[in-house]
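For reference, the structures are reproduced in the following blocks.
In what comes next, chain A is part of two complexes: it sits with chain B in the first one and with chain C in the second one.
Now for the complex of A and B:
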């Protein structure tokens, strides 16, 4: 059985000031937004749009970190760096890692909301 | 304090708004640099927290535009970023960015950065006040402070900036004031019976 993904739930609770409904809304917003970002990221990699890869990975890493989903940050930061370097050779592998981590995080987050 | 957020990502925007509101600040939210610029043009904005990469107008260009058209009051600019290359920081500082925050938005770090910002903004106000016109008495040369008291200029500057004065004598005053006094003293000494 997989270990639960690295999610700092304290960050989410603190952000919602203990309001369960506010935390639910934030989790829903994060999951919806991140799913969209990852789909866009996949398209950008397929199109070899290096600047777009850099920007999307940058945004997604930031929102994940600020919502406490820290496990998703390293592959996204690496994708951002690949985009900046203009070299996307390893990008599909990193995207797969990010998508897998995101789906595990989703299962975990849905148990909280 | 009024804080303007410019961030295109809805999640980061919401998290930042929540954090700043929890700290008791008055938060105005925008989703791109152009919207932020429009607000800056019509309102006093003491502090802006801005993303680097945004549509319409990115954080760096927004900062350059703001610095080229400063408001009456200084705007403290914090760049929100996940960038880590040292060249990026040099570029941002050259554009007029005052500080940086990573996007994980650690609440303690945020609080500390805002305290620094508030301190710098207070200093900026004091400097501006000093650089402005000071009411000064034409006779005694005392200045009127912001509490309407007249005080010696050296005391006023010391209170505002912490500057201490060494009290030397400039060459002109030495020639016009000190030398005549010394000559007068020598003359009196010569006239005094029993003096050498």
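Now for the complex of A and C:
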């Protein structure tokens, strides 16, 4: 399987100091939390809740960066900026990009755990 | 054993740091907001604190100011962790400023 360029596995390996069980737990936590955050983000966009969009996108971007899922960071940072600006016109497109990227990353991360 | 307090509101990031530090042989505690951090530090001062900037309830800057205003915590080693260039007050009060990976 080709390594998706958007997942930096070195970060995960470093965080878990090479311990397989620790890495498995971190991956499971990241996937579960991020999936929930993306669902909440969708609801927040539908409700035009700009502050919630900003906060959720910020949190999700931070988790993704910490987990090495770097490709998810740019669309989430853009969503955060849209929320801060109070203008969510492009938010559905960015959310779709984020969800697609997340599912690609999930497929890869599940092969590691 | 060296005890480190992780002050971080992002639950995944906090867990990731906690895992890393424990794997390296440190004792790690987590505070998810500035108020909890101040309370935990007063009750049982850690050997080092890793402090995020953007925190709910009490900001990282306020945590730093509050601690540095108290003689017993003026020399507590604190590493400020943030994603942007730090404003000047952090450079004066923190032992070290570390940029996150995003």
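In the analysis below, the second predicted complex is superposed on the first by the 109 of 113 C-alpha atoms of A that agree within 3 Å, B and C clash if a C-alpha of one lies under 4 Å from a C-alpha of the other, contacts with A are read in each partner's own complex, and residues count from 1 in each chain.
Criterion: contacts are C-beta pairs under 8 Å (C-beta built on N, C-alpha and C of every residue); 3 or more make two chains touch, one makes a residue touch a chain.
Remember, it's a predicted structure, so these values are computed and weren't measured experimentally.
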Consider chain A as the common anchor and indicate whether chain B and chain C clash or fit when overlaid.
-> clash
Which superposed partner A:29 touches (first chain B, second chain C, both, neither) | both
Go through the superposed model and pick first if A:45 touches only chain B, second if only chain C, both, or neither.
-> neither
Would you sort A:19 into first (chain B), second (chain C), both or neither based on which partner it touches?
-> second
Could you look at A:66 and tell me whether it touches chain B, chain C, both or neither (first, second, both, neither)?
-> both
Is A:53 in contact with chain B, with chain C, with both, or with neither (first, second, both, neither)?
-> neither
Indicate the residue numbers of chain A shared between its chain B interface and its chain C interface, in ascending order.
-> 14-17, 26, 29-30, 33-34, 58-59, 61-63, 65-67, 70, 73, 77
Contacting residues of chain A [partner chain C, same complex] = 11, 14-17, 19, 22, 25-26, 29-30, 33-34, 58-59, 61-67, 70, 73, 77
Contact footprint of chain A on chain B as seen in their complex = 8-12, 14-16, 18-19, 22, 51-53, 80, 82-83, 102-105, 107
Report the residues of chain C in contact with chain A in the complex, numbered from low to high.
-> 10-13, 15-17, 19-20, 23-24, 54, 83, 100-102
Contact set on chain A toward chain B in their complex = 14-17, 26, 29-30, 33-34, 54-55, 58-59, 61-63, 65-67, 70, 73, 77, 80
